[in-house]
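Across the two complexes that follow, chain A remains constant while its partner is chain B and subsequently chain C.
Here is the complex of A and B:
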């Protein structure tokens, strides 16, 4: 018994150090807070403030989703149920508050969303977390369809096709804050984002947060050491649903409207795409995913009708070739930089990036011209592409596009072995360095 | 009586169509452990291929060519997509097919446009099959049921009476042993995936003109067939059949029944008006609840019989 005890303590001390004053952590969190404060001062043009607000809510949603997918290995197709229902309850609470029958300030409305998200997590999670893996995914899909179908059955609560709308400017001003100007909403979202991010990071350090990683990696062994894996999944899902509800409440304040789309499988699928693109293996992955995802949906959809195709293809490429997402790509390159090996791969990496860009430009041209031909040929076949006039029915545009794809693909294909060799060599040297350090 | 019989027949036709879809999904799942999220997208591809082919050389060649084409597409997807992801495990495979379903919908819109296309049922099938009391039963619906039953028998014979069927069954449980005996298991996987997709394509060919051929058609059946597979028991073909028929009948009957709890209570002599508490729930007709019934069934099955109707193992 004593040997087992000493073993566990030794394991704990190597994986988690006790550091009451962790300077690095203070630095990272302070930087995050400063970034949140100054972001609207830097990006202050036109619609960028509303995009920042949207990113903030999606970040909380993505982080809460990653508690399931990244930390628990639970692939959910129905996470929007919790954020959406949280948003519905938040917006009803706001309407009650402005009617005077519920004394609650707007700043605490996200908490209402969180609590109701959590309650539905308790309810639905009991059914979904009975299973893990693929079956769990299918059940979550069933639940989201169930809730979405219900939303059209109860128009009193869900507002039918038009949704429920509200006015966030209500009651007395508190310290001069009325939430009329968007900037005040931004700082509310930033505040809750910071709190939630700290909360969710703290969760990863708790015993529950550690054991859910074990449940993800090897549920059988976890059962053997005396944990009920279903309970672990259930508790994690409840907490995740709480944070999802907070993001739902914030989006209700931000948009002042909640529709049935908020609880749909489409919304759940979107957060899955964003989170995975950002990277599920790292805690901060969903933050990157939210930035990229909101950029793609808001900005790209202004430029092209094919943005969902690009999003889908991008996602598939990530799944196939970089299952750790953007975060893992960043971290791998960062590791090279830290160990001063980045110079070894940089020229070849640059070549590969250039090749990919060339092929992408060609591919985008082909897709855009095809889209133009099928959807907008009534307005003539001439279209604008990358600032120039291109005739989608003519030969020249197609020849250029195909040539770009061919050249890019050839460069990629020819450059790949050398790049791979340099990459492997650099990583090998780093591992050698690490071994020497430990020896 | 007339209502019951006609609704029963319609429910059976719908259930058999669901089975055509879910059988491929179940086959792929039980064999490879891959839940093909894009399965309904292959159903849609089948309908669109059949639309294009039948516009040029007619419906009957399309009935054969379109599923084969879909099967080839499926095999290519398995060979160059899924096989790459396979080493990462089942969740990435599911994610891959999830992304694929996005891309296929977009590609379909890219090629055929966003509106529904006119894909009519063939002229020789356009008419009543028989008349029951006063209601006619369309010939095409009978044809759908016939094709589905034909497919059911064909799968059964293929899996139990042929050599390749035996190899497939063996590879299901003991892939390593089958590989050791000299069979190319990855190729068998590719064939099964392509075959499963071809079955979905066949369902698309005959379902596309019975219902409507549009880019949203994959989403409308997509989640229902997952319900079928879970309710029937993951990986059980018989279970898929039973669950398809059950859900087909359930939905068809529910849509046709215009009764609510209010009707029941007023039949019992209680008067209920808009002032009664919970009126919005009591006033829901069975027809209005039809869309949620399959999902409700799913939840109930999971609570009371987690392995599904015919499932053998608890996953």
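Here is the complex of A and C:
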């Protein structure tokens, strides 16, 4: 008895960080839930509700993609296969349900998408996860092209060029919910987003979720601690495909149409871009990525024809200068704030941001004027830019744009050494603090 | 059950046309510490790679606790109770020291590919990882990313990962390579402590480590085990001196 006692006390004293229930975590999840509930109340203008709906589905898709990329080091070029096929099965299920031959409510349709996404994960994942690294990427690219080709070969299932459409308003109302109004669809998406996010976060806290991190870091060593890395990758991919399928099912409900584009390499590439922009190193990175990505693709495309150029440039800048994505930029600054060192860098950071903004405005002017000249000059060379009339063929606009770029670049170039020094100094001090804490 | 933990029977391995291991035979009894020495390129590391399943043998047989492990994958051999470390540090760089060790104990505790257990709720895995952390003396560095450790600390972690799963046959590939004198003394103590009651097979260049730790020394030259005896006898073995040491007696302070 005494030995048991002493054992347990020694365990509790040597493991102060062993905290099964985490108060901070409950707080974060509650905030997330509240945010999902109130978002449509805050953004209630025009198309913002449909944009929120898209963000929700892309968030699930991005999180599921990051199970592979961020947590498993698997760069997939074909993740849309799982969401897309999930979407197709979901939309067929909806059509069957409205025909009365399948008793399934719309609220559970995402689950149909998830299950079929998972089944295709079982099928294709077995092939793709046999290899890792570049070979894995190549095979995923092959599979997505294969599925896309099939989508045109089997028009009965895939609907050919026009895709498959449906009507989500069907059957009797359940608790007064018909999914006619977009707001009801939003809350359905928000519900599944919350469940899926909890599910995928929980995955990161399981043995498999940790071993997939180990496989990412060093697959060879994992083989020597008893794990078959191929199985680890395979199981992770199947789970990831399940959540991708859920997002596909939700997008089928949201748009009431699924086309071949849903299973395309383009869609797969987009989620890679969004996830990377958001940040693969943090669990919540893809959430940010989805917001930014949908913002850039849906909103920006309303304003400018050059939106793809901006998205591409933004992606390249992130890859080159902030490979941890927006999430890592946020977390680095948050760290400074936590250790009360943000004041050291704030003025210089502000200067750098201002310089970047100036140069960006100039750059955007140049690009927009170029686009206008080449594509729309038939309607006259005068265009609206940032609320003012600018003549794209005149000299003034170009001079202002070039001046802005020059001034921004000069400010950036002159301010950078001081900023870098302050930044390094602040981080050095923090590391010193941490070291003292541990000593 | 066999009295030998590891048994090599006329093991051969060729890469292309060149035969690297040419009929190596060795028997390591349970609970003993064996060191493998030999000149560079003699095939010591290759021998380790064969035993641990990293490479397949070309001919011959390898028995682990009396059971042939030829053709088995590294993870299958590991599940049979053999664990190895690497000459070039092979750890999980982005995980913390604690997570490294916890990963290393999961399989042996039977959690396998579970995605239904909560990792932080696994008391046994937690306690085992903490115990190994204590053993290898990295308690202070518990929450540091493994990639940020000093070289000697990474080597200690390397050994920690190797022993954490509780395997009873331990293979260490040059555990003290690149260490300073005091660091390697420290490592010898660590190895002695953590391999208590286990079968140890290690490749080592540092003679003071070899003579300090090993019950028996096996000398590998040109892919063959030319002698296997106690340190004292190996020192006096004329064949070893001729083949391996070029006439020089094994130096006390080789490092």
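We take it that the second predicted complex is superposed on the first by the 420 of 439 C-alpha atoms of A that agree within 3 Å, B and C clash if a C-alpha of one lies under 4 Å from a C-alpha of the other, contacts with A are read in each partner's own complex, and residues count from 1 in each chain.
Quick note on the criterion: a residue touches a chain if its C-beta (ideal position, glycine included) is under 8 Å from a C-beta of that chain, and two chains touch if they have at least 3 such contacts.
Everything numeric in this text was worked out from a predicted model, so none of it was measured.
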Partner chain in contact with A:156 - chain B first, chain C second, else both or neither: first
Contacts of A:422 with chain B and chain C, given as first, second, both or neither: neither
Touched partner set for A:360, first chain B, second chain C, both or neither: neither
Broader residue contact with chain A after superposition on the shared chain, chain B or chain C: B
Which of chain B and chain C A:313 touches, first, second, both or neither: first
Overlapping contact positions on chain A, where the chain C interface meets the chain B interface: none
In the complex, chain A residues that touch chain B: 73, 75, 77, 127, 130-131, 133-135, 137-139, 141-143, 145-146, 149-150, 152-154, 156, 265, 269, 272-273, 276, 306, 308-309, 311-313, 315-316, 319-320, 323, 367, 370-371, 374-375
Partner chain A, residues of chain B touching it in the complex: 29, 33, 35, 81, 84-85, 88, 90-92, 94-96, 98-100, 102-103, 105-107, 109-114, 223, 226-227, 229-230, 234, 280-281, 284, 288-289, 291-292, 295-296, 298-299, 302-303, 306, 315
Residues of chain A defined as touching chain C within the complex: 11, 14-15, 17-20, 202-203, 205-211, 213-214, 216-218, 220-228, 231-232, 235, 239, 438
Complex contacts: residues of chain C adjacent to chain A: 52, 73-75, 78-79, 83-84, 86, 90-95, 99-100, 102-104, 106-108, 111-122, 126-127, 130, 134, 140, 143, 161, 164-165
